[in-house]
Every structure is written in structure tokens, then in C-alpha cells.
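Here come two complexes built around chain A, the first alongside chain B, the second alongside chain C.
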Partner chain A sequence: MRNQASETKKVPFFRKPAVQSIVASLICVLGGLLVGFIVLLLMAVFSKDIPVSEAFRGILIVLSGPIAAGNPKDVLFTCGNMLFTATPLIMTGLSVALAFKTGLFNIGAPGQYLMGAMGSLLVALSIPQGTMPAALIWILAFLAGTLLGVLWGAIPGFFKAKFNVNEVIVCILTNWIAANVVSWVFYANQEKFVNIAETKTNFIKKTISNGVSTATFGLDKLFANSYLDVSIVIVCVIAVLLYVMLNKTTFGYELRACGYNRNAAKYAGMNEKRNILLSMAIAGGLAGCGAALWCLNGQQDFKWNTYQSLPNVGFNGIPAALLASNNPIGVIFSAIFLRYIDTGGSYLPGETSFNEYVSQLIIAVIIYFAGFSKFIKDYLKKKQMKKETAATIAGDFVKNPERPIGQTASEQSAAPPPEAPAPAGPGSGEETAETASAADVPAEGKDGDGQ
Partner chain B sequence: MIFLLQKTLIFAIPLLIVALAGMYAERSGIINIALDGIMIFGAFMGAIAAFGLRKSTFFVDHTQLLFLICLLIAAVSGAVFSLLLSFSAINLKADQTIGGTALNLLAPAITLFITKVLFNKDKLEMETAVDSAGKSRDFGFAMLNGDLNPVGQVFFDKSYISTFLAVFIFIVLSVWIYKTKTGLRLRSCGEHPQAAASVGINVNRMRYLGTTISGALAGFGGYAYVATVANGTAEGTVAGMGFLALAIMIFGNWKPVGIAFGSLLFGFLKCLAVTYNKSLIQPLESHAWMQNLLANSEGFKTFYEAIFKNMYFYNLIPFITVLIVLAFTSKRSRAPKAEGIPYDKGAR
Partner chain C sequence: MENSTNLPAQAPGPEKEPYVIEMRNITKEFPGIIANDNITLQLRRGEIHALLGENGAGKSTLMSVLFGLYQPEKGEIYKDGKKVTINNPNDANALGIGMVHQHFKLVDVFSVLDNIILGIEPNTLGFLRKKDARKRVLELSENYGLNVDPDALVEDITVGMQQRTEILKMLYRNNEILIFDEPTAVLTPQEITELMHIMKGLAAEGKSILFISHKLNEIMEVADRCTVLRKGKYIGTVDIADVTKEDLSAMMVGRNVKFAVDKDDAKPGKVMLDVEHLSVKSRIHKKNAVNDVSLQVRAGEIVCIAGIDGNGQSEFVAALTGLEKAEPGSKIVLDGEDVTRKSIRYKNTHGMSHIPEDRHKHGLVLDYTLQENIVLQRYFEKEFQTGGFIRFDKVREYAELLIEKFDVRSGQGALTPARSMSGGNQQKAIIARELDREHKLLVAVQPTRGLDVGAIEFIHEQIVTSRDSGSAVLLISLELDEVMNLSDRILVMYDGEIVGEFDPKKTTVEELGLYMAGAKRQDRQEGGGDNA
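Up next, the complex of A and B:
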């Protein structure tokens, strides 16, 4: 697609792959909202207690997100908290997206997140205040969280690379191992870390108690004393760096090549095992880093006895990544969007007979539709192709002599030219990438798990 | 020990049946990562049915009949719910991981939404009801035979009707997929759908069949879990059982015998974690040499107290065991070749 673009110089706006991805995502979002609205309407119609008008009010509240808070000050406060809670979600979204790009399904983000939280809390609370500057403790804690995340992500990567064990199963197992290890570590050191100042002893001390907290640079004041701190900026920078790494560096190219076709990548001389391991390790690091940023805010409670449950923010990274078609920059927006809908939903119980789970339902439907985005994009393309082939059938043939007249780009990509090993040639590799970008979660285990 | 084995059997049954569900879908070529969601949905529908039907005294009198009806409803609704996955994966050729993830998100959302709106609660509990004789009955065991010999007790005391039904279904379906024509066709669609199509097998229909059976089994397993392990509480989660079943399926190498072994082993270790104090620590400490060891060696005692008397240690064992076994058996592991790949007639 890119080759084509450079040849023809100017691609019509709606034919740009990026634009089509965004259009497809928007269609998914609209579809999700529509289904959500229909569910509310059905509920209202079939229930005697709920007037039909409440369905309209309900969907409007969900749509208005933090604006539903009412007066400007509350809206600002809610906005700030929405952005702050989006921070770890962006990180787990990036974690999942990066793994997807390498053809791996990182369902282990919850475990990596827990380990990251443990690492940062242990360091931030165990170095006594005053022995070194708080900023240094912050940096050490941040690194510790990230490092534990890296370690936890590397386990599935190692098992996949070394033993060819399906990464999904190892991720599931490591999630529960992490949940128990974290609980155990804090259980064994209760008197040091558990917050006994509050009546319940479910939570770890806030890091602010040791003077460690993320700098806010006035962001919290800007948003009416919300929790927002500079971590949202850090996260955006990380997303951009990840985008550059994936799309502009050799290493990123290798990772993506592994995602498109592992065997072809190996054939082209890439060390696919190393790439798998590194990809999972970085993905783990991203999730751990998200947890560290959340914990080091200073004001947050971390529930330590977590052996029976896994943090939702880890699993929600999956929809965040899928909605963004695994584009790191897109993850920022999709994660904030998810939090936006959630925030709107949280006002439902107070104002209507509905409840906050509507927003989860909408998100689920959006993701369901996101699976169709390849279908939608192909459809969009086909429609344009039809229009164009009628008008410029001759011109098109001159520009693309290889492509038989009437065949659409998607059909072409579905059956790649037999002479090129797919990812090695930038042309054909790129083409598959763009047409399948939303759905480029390569099927796990298609190359046979095991010999 | 009898108690531990009884618990193991109860815990292993949902795993067993849901892992078989995963096997059916994957053998037909569809990755069913939505097992967890389907379990939640099936359990919820079954619980709603139980909730409604227990208002009539007839069903309170005939608890086991009610149990069977609820299991059936759970299975049917699981099958219907899984059609969402089949439709996206087979008709629209969408990515199966995305479709499955969507169902996993959808099921808790929809169950919690409806529970909250209808009952104004976060979970649905099947409480005791009063039967025609005026006795309060809960949702209970099919048989209580405390006077049997130990082996009999494991299987026939404090056991649920779902256990026997699940074992029966498991055996029938395991034989069916290997010994019948349709079973062979279904398996061929998971290995090489184009080859299957070339001899006149309708791949899409086979994949629909596999996924629908999978959905029905997962729904069944979901209700069995809620009614037995979770003591009749349906909420928006099955504690990751669906994912564990997926792990057991891979552990069992996509084969019924492996799955049966895996779920029993995992169930045993998991139940050990719940009952370790009664089933392990107490018998061990009743021995004289153990008491001597503890009295004489201070170092051993601290170690023993910190590790072997710790719940988290036992919680970790099942997961680590599976991980280690996987590392050693990975050489023999073989997934269905075409799983996860949308069927494309034109592909070679």
C-alpha cells in the first residue's frame, strides 16, 4: 500500500489506510452505542417501573462521560480523575498491543501489573524517608516496578521461545502465580507495609506516607484537586516512543515481521525466539510500569490480599489495544475513551434506574464489532474500487500492471503473490499489514504448537 | 482424605466439562477463548431459571429435577450465546481472539446489568426454599450416604447429580468425536479444512457444530460450577475457571484422556490448597518423628511454619505444577493445525 501511495503521490483522503482504520473504529463505536441504547430501550419497554424516556436519558449520560458530573468544578475534577485512571489502562493497552504486533496474545497483563505494583510499593515504602531524596526513591521504585513487570512478562516469552508452550496458558498461570506471590510477600511483611491507620487492613500504605509521590506540576490544581499527575504525560511519551520503535527501527520491524509470519521471519534470518522473548519482556515491563505509575501517585490504595482476584485494569488493556488496532498512539485515545464511557456509566445508578454495567456492555459490543473491522474496511474498499474501476479502468491498469483489473486490493492481499516470502519484501509485507491491521492478531498456534 | 477426594471430584467436574468444550471448538478449528464468558452466561441463565422455578413448591420438592432443568437451560443458553462467536468467526471471518474476548467482556456486563436491574443486587443467590412438608430445602446434594465404605463415599456420598451427568456426557462425547463419521469430519475441519471441503464436507457447518457443542458444554459447566463449587451464588465471574479450563485443555494436548487427567490433577492440587490443614498438616504432625523434628530443630521449625503452614504456598502449587509439566511435555504438544484460521476456500 505504501509503495502504491508513493507512486500515485496523492491518495484520496478516504482511501488512506489510517483513515480507514479510524473510520472502521468509529463505526464499531457507533454500533456499540446503538446496541447499548437498544438494550436500555428494551429494558425500559419491558419493565413497568422504568419509563421509556429514561432510556434516552441513560444513553445521554453515558455519552456525556465526565460532563455528567454537573457543575464545572465537578466536571474538571472528574476529568482529571478520568485521565489519571486512564494512565495504567494506557500502559496495559500498550502492553497487549505490542505483544499482538509480535503475534502473541498477552493475557498476562494482570499478573505483570500486580508484580509491578508490588515492586514499586516495596521499594517506595522500605527505603526510609530522608536517607535519600524522595525523587531518587521515586525513580528506584519506578524502575523496580518496571523490572518486575519485565521479569513476569519474560516468563511466558521464555516458555514460548524455549519450549513452544502456548503463551496464553502460561500467561493465565503466571497471573495466578503473581496474585499469590504478591499476597504472600505482603502477608509475610504485614507490619511493615499494611496500612493499619485505617479501620480495615486490606490496603497497603500510601506511598505519600513515606514522602514519595509523583510530581504533579500543577496538573492536579488545574483539574480541581483531582489525582492527576505528570504520569499521563510520561505515558504519552512512552506511547510515542513505542510507536517510533515499532515503525521506524529495525528491531520494531523484526518484531512485526515475527507477528506477520514467524517462519518467514526466521527464514529471513531474524532470531524469532529472541524477538518473542524480548517482545513479551517489554510488554510485561509496560504493564509493570503502568502499575508503578499508579501506585506512586501517592494517594492510591492497593489491595494486597489479592490471591482470589486479578486487577481489571490488566484485562481491560485487551479492549484498549483492540479498539486502537494495536496502534500505540491509538491506544492513548482508546484507553481514554474507555474511561470516558466508564465515567459516564458511573453516574447512571444515581440518576436513572439503570446501572454502571451499561458502559461495560457497550464496550464489549464495541470490541465485538472491532472484530469485524477488517470486514468493514474491505467493504469500504470494495465500494470505492467499484466506483473507481468504472471511471479509471484504463488508468488503473497503467499504474498497477500487476493487478488484474477488477480485483480489489483486499483480494490481492488475501492471496499474496507466491514469489515473495511475505514479510521480507517490504511491499507485500506492508500490504498485508495495512489491510489486516485491526485484525492482525495472528492466530495463536497456527504454526503448530509443538512439533 | 475422603473429604479431600470428594472435594476434588466436585471441583474437577466443571473443569473437565469446560475443557472438553474447548476441545470441541478447537478440534473444529475455532479458538474458543470465550469459555469463561459462556460459563458466566450459562450459569446466570440457569440461576435465573432456578430462582424463578423455586417459587413453586413442586420444584422445591423435586430438587434434583429442578437441577436437571437448570442444567439444560444453562446448556441451551450457552449454545445460543456461543452463536455470537460462531457468527463472527465463521460468517464474517473475524479474528477469533477478538470475538472471544468480546464475549468474555459481554457476559459479565450483561449478567450484572440484568441482575442489578431486576433484583437490585450484585449477585444472585439461590437461597433455601420451603417445600410442601414445611421443611426448608437448599440446592443440594443428590445423595448422602455417610455409611458407605471409603471408596463408595468418595463417589456416592455428598455428591451432586451434575457430577454423574458430566462424567456420562464426557465419555459419550469423547467416544463420539473419535468413533463416528461426524466426529471424524469435525476433526478434519480443524486440521485441514480445504482438504475436508474437497471431499464434500461442509466446513462452515462443522465449525458451527463444534462451537455450538462447545457453548452448550461450557454453559453446562458454568451452571455446574455455580451450583456446586460456588454454593449456588451466580455473579459476574466464575473465578477464571474458563481460562483454567483452557489451560487444562492445552495441558491435556487437545485429547479427552489428557483433559480428564489434567482436570483431576489440577482439581486435587487446588482442593489440597483449601483443605491442607485438615488433610496434610494434621496427619503429618500426629507422627512422633515429625513432632521430634519440630521440637529439636529450630531452623526447620521456622522454615516449616513459614512455608508449609502457609495458604499461599499451597495456592501456588497447582499453577506451578502445570507450568512445569507443560515445559516437559511440550515436545509432544500438538494443536489442531487449522485452529484460529478463518476458513478460506481459495487458500492452498
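Up next, the complex of A and C:
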């Protein structure tokens, strides 16, 4: 037997798909930062009050993220909060990434997020403290949020699968339905849920008021009393599980097949409609779960009057996913990175003459570039593919310099020698002979031995 | 006939006129391999020049060089005796070089007319003036018998008509050097004959045609001269009048090829597939695409449905395999079991193998690796998964077994992305997958489309082996050579109906052609079965 593995060429480092993805993402980030810097520079140049050096300082502050906080304790604190706020972003990023993998665009993450928040808050605040252990309430609330997310993701999935309605349209509709449903439910139950006690009437009570909060396992202390809790760990575990699910299981194999080529998936007997529905439902569940984790932290104010706006964290899942080329594990890093830049930007108004909206602009530009990341990656891939396709076609005869397709050994010996001298192939003559005889196996096998 | 040395560039022919296109000593390298090694190609004005070679011989690379897609490392291109550089397809267009690609470059959601004028839209102040263009397209279409409806959407028309649209596109642009990249791969015998007429007509008008093909019959029929490539090397240029088909094939493959398929007489066993009154709605027009078709295929026989492209064969197979819904009243019985309402998965796992017509659309997930494609219908089986986790080691093992058994060649073995494999090897991978699966019925739709003789020989042998091991084979083919060679029984489909049944030993290509064109029709007993 010929050892196929030994023939498998080593892919050069820069040709590996994973490396290309990372390179593409880095290009996006650099592009975003560059544009952001140019904007800062222009502002400085055209303003009498701002010296040009301020632009350099500004971009440095953005780049330094939480480190801009100054003294070590503040840096730690800011880092903790950065990681905490990255938690729901990772989840919405995973939500979008999963849908992308199945060939769907889940722009409904904001709605799924809102429904998830509502579900978890309703449960966490409705069950009176003491009737059951707080941990149980937490779990129920978590499940409620996730399930509402599942439901909200399943709606566009259903319409797509059943009636082939574009999921983007239904997602946008469900987003606004969610925004209004949430406002409506909390408006109708203001006394029970709204934070009147602290005269924050725009916000729902913190779940800690009912004794419900996510365990911190000392993470908050570790990061100088920040909000950080164990949810960041949960989220990372979910990301890894998702990665395993997509790449190692039959279910993930089906989902990706549907995403890459729906016709072939159907041909292969996969239930592509079911897969669309499931994919959107899981995506919704991920977003809802992210909302639940954020709300159940216990210390967070949820603004319930949402009917005029959708949460940014939902939409920001899209750049998080794009920047990570839809790799679940990559999403962890891309989401944290987005929060890192945002955190740095929040120090701009205090430290420089720029306001924090500049940081928003930089992020926006990175997001724009993230839209190109697939484009950049495709470009890198295409360039390489062009070479490889030609190489593969031509490579056929390099591997088997002697043997035309389907030729048997007896025929070969009978036939006049081809123009190339026998050992002209790569490697020694011995190797060539071995390759030729091994490759003849199929032909011999079916023709019967010794014609 | 082995013409073994690299011929020096031929001295210009007796004519004084310089070659319309001369590619001198072209060498194109890719990392690690030489795709074109010192190749010279000389095209005279008004000739049909065939470029012959197996898949991977370097034909496409050479044409890509001529079309400006690749820059050669060595060598020069001359147009009418003047040296030119072609850096991109626009340069090629400017020189009057047009190409019908093997994979069509059409916008699916545009009409035929829109596709033809795309890029050179006639307009006044930016407003389209399609009327003139339409008139011209209709004229061209009529003159050359291309029979294309300019208003049909490309996604709605058959592959054959899409091809004709591509040809029209080139004619519309008044190109004088026409490259046909395997144009007949998708055409019917009659269409091929027509195309041959068209090509001869074009050549007579002074257009020069480069005809890339590995179909020897066509080259023998239409070409004036032929340049043969093998494995990136120049083998020789010959006058067709001086050589035989066997000579050409020996030059191309480097050995003698059997054209007839070796097979014993069929020993039909029990009925494996029984189709009764199958009808399928058409997506394009109101009539049924398949109308009340009944047929039987027995174990151990190869039944071939012949017919011109677009007469309902694709729809018939789609309904048979479950990709499309059959109309009420249709009945499909597989090995005694009614599977009309069963899922594709059920049919797959209960003995139906299907080599699909379009390997890119249905046959492969191009972004998956070869090994992932090999288990496309089997990934869920116990052998390849435990507890929902795919056992990639087993998948790898199995894929490597098939790669070995069916001689599938690729750059990175089992881990090669399917997209980067050559067409012939993609097809071999599908055939390996379908034939190695346990099957009672093999539905093979144009299994050798676009493949070279070596690969065709191999695939035909595999199909016969499958038959001999007791499975029923339903072959759908547009190529009459294949139909006559391979089948034990021939059914002709015309306009969605079976119009005749033949014994390949007792019929002729001409007779089949009459039925395929709808000129004749037999009264056929429902249910099929017995030979005519």
C-alpha cells in the first residue's frame, strides 16, 4: 500500500486557512486604526485649539485600552469590566457566527438578546427570595432567557425553512417586535419590576435585589472589585463547545454542508430545512443566553424602555463574528478586542481634547473593515487557489510520471517506452517504480491478474 | 505513431501569410511543476485547429496564457506576425480573441439577451437600446441555428442552451479568433452536428478557431490540423487528413486505448427499479417536464435513457432520486418496495446510488475536503461516528482506501479541498463514493461529462463492474457513443416521454437520432421490460 499520508504536502505556514483568517482580521484592525488616526489627525490639523501631537496621544490611548486607566488598581478594575462587558458580546458574536456557518445571516441578535434579557429578568425577579435557593432561581432565569432567545431565533428560521422568506427581513421584523414586546411587558408591570426604589425609573431592578447574582469565584476581587463574574468562563466554555460541535460532530458537519452548498446537502439526504431552523434557533439561544448572563450578574441596570432602540451589543455581534472569520474560538478574542478599543476610547475625553465619540468612530471603521475581512480572506485564498488548482492538475503527472490513467503493468511493459526516461520523476528510480506499481492496483484488480 | 521529441517550431506553412496567432515556445511554471513546457501553437487564418490532450495536459493553462489570465515565464505570442503582450482578458478581447469557457460565465438572473450584450450594451445617453441588439441576436441565432430564446432567463434554460448563449456572445462581439473550450461536452449529437456546421461556416468566413477537445470523433470530423499536448509537453502538430483516430489517441495518451467497452451480455435478474406513470411539473412552461413515464430496470443490466438535453431527463432523475417532487399518481418501486414518498436519505440508505448531472451543484461540497465529501451520505453511519462525533480517523482511512482504489489524484490526498481538484478527479471521487456504497440501483447521469478518454474508459469499466456484481444501472447520457457502447437496453426520451426502446445491437445511431428529434415514435407497452 502506498502511504497517502506521506504524500500529503505540508501546507506552508502562510497558506494555512487559519493563518490567513488571522492575517485578514489583523489587516482589518490595522485599517480601522489607521483611519481612526487620520481622523484624529485631521481634527487636530483643522482645529486651532488642538496641537497635532494630541492626535498621536489620542490614538495611543485608544490602543492602550484599559491600560489608559493609569494606576495598576484602576487598570485591573477596568480590565475586569472590559472582560465582563465582552461576555454578552462574545455570545452575540457566536450567535452570528453560527448562523453564518450555515449560510444564514442572523441580524436578529438584538431582538434575541432583548427577549433573553426579558426572560431572565422576569424569572429572576418574580420568584420571591427564599421560596427556593437563589442558585435555582438563577438557573431557571438563565434557562428562561436562553429559551426565549431560542424562540426568537426560531421564528426567522421557520419562515426561511418553510416559505423561503429571506431571514434578514424576518430578523429585522422580529427585532422590533422584541423591542416593543419588552417595553410593553415591563410597562404593564412597572410596580413589580421597575427600579422605583432607587428612582431609576428607566431601569429594571437589579437582580441582586432578589438575591440573584452570578457566582464570581473571586474573579471580581481579583480584578479590584469589578463586575467580572464566572460568566466569562461559561462563555468561553460555550465557545469551545460550539467549535467542537461545528467541526467534530455529525450535526456540525450537516450544518456546514448546508451552509456551503444547500443543493449538495439535499442531494446527500440531509434535511436542510430542519438544519436551517435548528441553526437559527441555536443562534437565538446563544444571544438570549448572553443577555441572561449579563442581566443575572446582579449589578446591572437594564433599560426597559427599548421600543425606540435596539441594543448595540446585538449588532456588534456581527463585526465580532466577521473579525473572527466565524470561528467560535476566534470570536472570544475579537469580541474582547472590540471591547478593548472601546475601553481605551472611553478615556479620550478625560485625557485629550477629543471626545469619546472618536472611539466609536474608530470602532465603526473597524467594523466596516471587518465587512471586508471575508473579502480579504477570499482574495488571499483565491490567489493561492489559482496557483494550487493549476499545480494540482499539473501535479498529477509529477507524482506519477510514468503512468497514464488506468494503465496496467502488463500494458505498460508492452507499450513502447514514453519519451521521458524512466527515472526522470522526482526522487530515485526505486521510488518511481514503487509509485507506479502501487498505483496500478485498481486497474489490475478489476481486470483480473495477468491479462 | 509515437512522436516523441519536442518538435522545433514548424517553419511557417507554404502560405506567405503570417499565422493569425502564434504562440512560440511557451513555458508556464507553477510552484513545483511545469504546466506548459516549451509549447508552440500556430493558428492559420480560417482554419479549425484542434488542441488535444487529456485533463491536466496543459490545454487550459495554454489557453489561459493566450487569454491573458496567466503570464508565461518564457515564450512569445504573435498576432499576424507582430509580437503582442496579453496581460489580461481585455487585451485578448481587443485583439479579437473570444472564448467560450467550459464553465459558463453567465449571469443567472439575467435574460439571454442581457448576457449577450453585457459589457457592450448599446445605449443612448445611458439608456439601453436593446431593440437593435435583440434583432441582431435573433439574426445570429437564426443564421447559425443556435435556437436561443433571447428573453429566457439563463437560470431557466438548459445547459445546452446556456452554451449556445456563450457562443452567441462571442459571435455578437465579432471576434475573429474563437476559442472553444470543450464546447460539445454538453451538446446532443444533433446539436454537435449543428455546431460542427457552424464552426465550418465560421472558418469559411475567415474566422480562426481553436477547438479544445478530447473527443476524437469531433476532431476528426471538423478540424484541419491538430496540436497534441501530453503532460505539459508538446507532442506534435498533425494534419487531420494524414492521421487516424487511433493515431491521435495514441499521441494523446501515450498508449493505445480501447474504444469499445469490454462487457459480456447482460444477465437481467429481478426488477430492481419499477417506475410507473411518473410525471413531473416543469419549472419553465405549463406542460409537464416528464409526462407519464413508466420503465423498469432489472438487476444486472444497464438501461440507458438517451435523448437531447432538456427533454425531461434531468427532471426525471430529480424526481426519481427525490430532489424534486413527482406529481400525484407517480409510483417508484425500488427492489419491491414503494419508495415514492420516501426521503432522499431513505433511498440513499436503501440501495440507490446517484451520480448527479452537475457535480458542482449537487455532487460535492466544494469547500469540504475530499474525505469529507467521500462520506457525504455516510457520515452518520456507525462506522464513521460514535455518539454524534465524527471519527475522522475512520473517515480518513476510508477516503484513502477509495482514493487508492479509484485512483483519485489530488494535491493533498484525502485532505485536499474538493474545490482545488481537477474536474476529472472530482468526478472520480463522486463515482468512487457512489459505487463503493452498497447499492442495488445506480443512477448515473452523464457520468463521463467533460472527461478525457482515459478516465472515460475507467468509469465505463467501473459501471460495467457494478452491473456484473448484480446492481441495476440506469444511465442517462447525451452522448450516443456512450449510449451505444455501454447500454444493454436503450430508451429514448423526447419531450418528457419515452418514445422508443431499442436493443443497442440492433439499432443505429441514425435511428436513435430520429427518435431523439421526435421524428418517429414507437407504440410502447407500459411498464417496459422486454426488449424490442
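Details
The working rule: the second predicted complex is superposed on the first by the 357 of 451 C-alpha atoms of A that agree within 3 Å, B and C clash if a C-alpha of one lies under 4 Å from a C-alpha of the other, contacts with A are read in each partner's own complex, and residues count from 1 in each chain.
As a convention for this text, a contact is a pair of C-beta atoms (placed from the backbone, for glycine too) under 8 Å apart; a residue touches a chain by one contact, two chains touch by 3 or more.
In this text, all values refer to a predicted model and were calculated from it rather than measured experimentally.
In the superposition on chain A, A:253 contacts chain C only, with no contact to chain B.
With both structures placed on the common chain, the touch criterion links A:267 to chain C but leaves chain B unconnected. Of the two partner chains, chain B is the only one touched by A:318; chain C is not. In the superposition on chain A, A:350 makes contact with neither chain B nor chain C. When the shared chain is aligned, no partner comes close enough to touch A:130: not chain B, not chain C.
Judged by the document's definition of touching, chain A residues 415, 439, 441, 443, 445-446 lie at the interface with chain B and also at the interface with chain C.
Across the interface of their complex, chain B is touched by residues 39, 43, 47, 105, 107, 159, 162-166, 168-170, 172-177, 180-181, 183-184, 187-188, 307-308, 310, 318-319, 322, 353-355, 357-358, 360-361, 363-365, 367-368, 370-372, 374-375, 414-415, 439, 441, 443-446, 448-451 of chain A.
Of all residues in chain C, those touching chain A in their complex are 2, 4-5, 30-35, 54-56, 58, 60-61, 70, 231-233, 253-256, 321, 323, 343-349, 354, 356, 361-368, 372, 376-377, 379-380, 385, 388-390, 392, 400, 403-407, 409-416, 419-422, 425, 452, 454-455, 457-458, 461-462, 465. Contact residues on chain A toward chain C in their complex (touch as defined above): 1-2, 4-5, 7-9, 11, 248-251, 253-254, 256-257, 260-261, 263-271, 385, 387-401, 404-407, 411-412, 415-416, 418-419, 438-439, 441-443, 445-446. Chain B makes touch with chain A in their complex at residues 31, 33, 84, 88, 92-99, 101-103, 105-106, 108-110, 112-113, 116-117, 236, 239-240, 243-244, 246-247, 250-251, 306, 310, 312-313, 315-316, 319-320, 322-323, 326-327, 330-335, 337-341, 344, 346-347.
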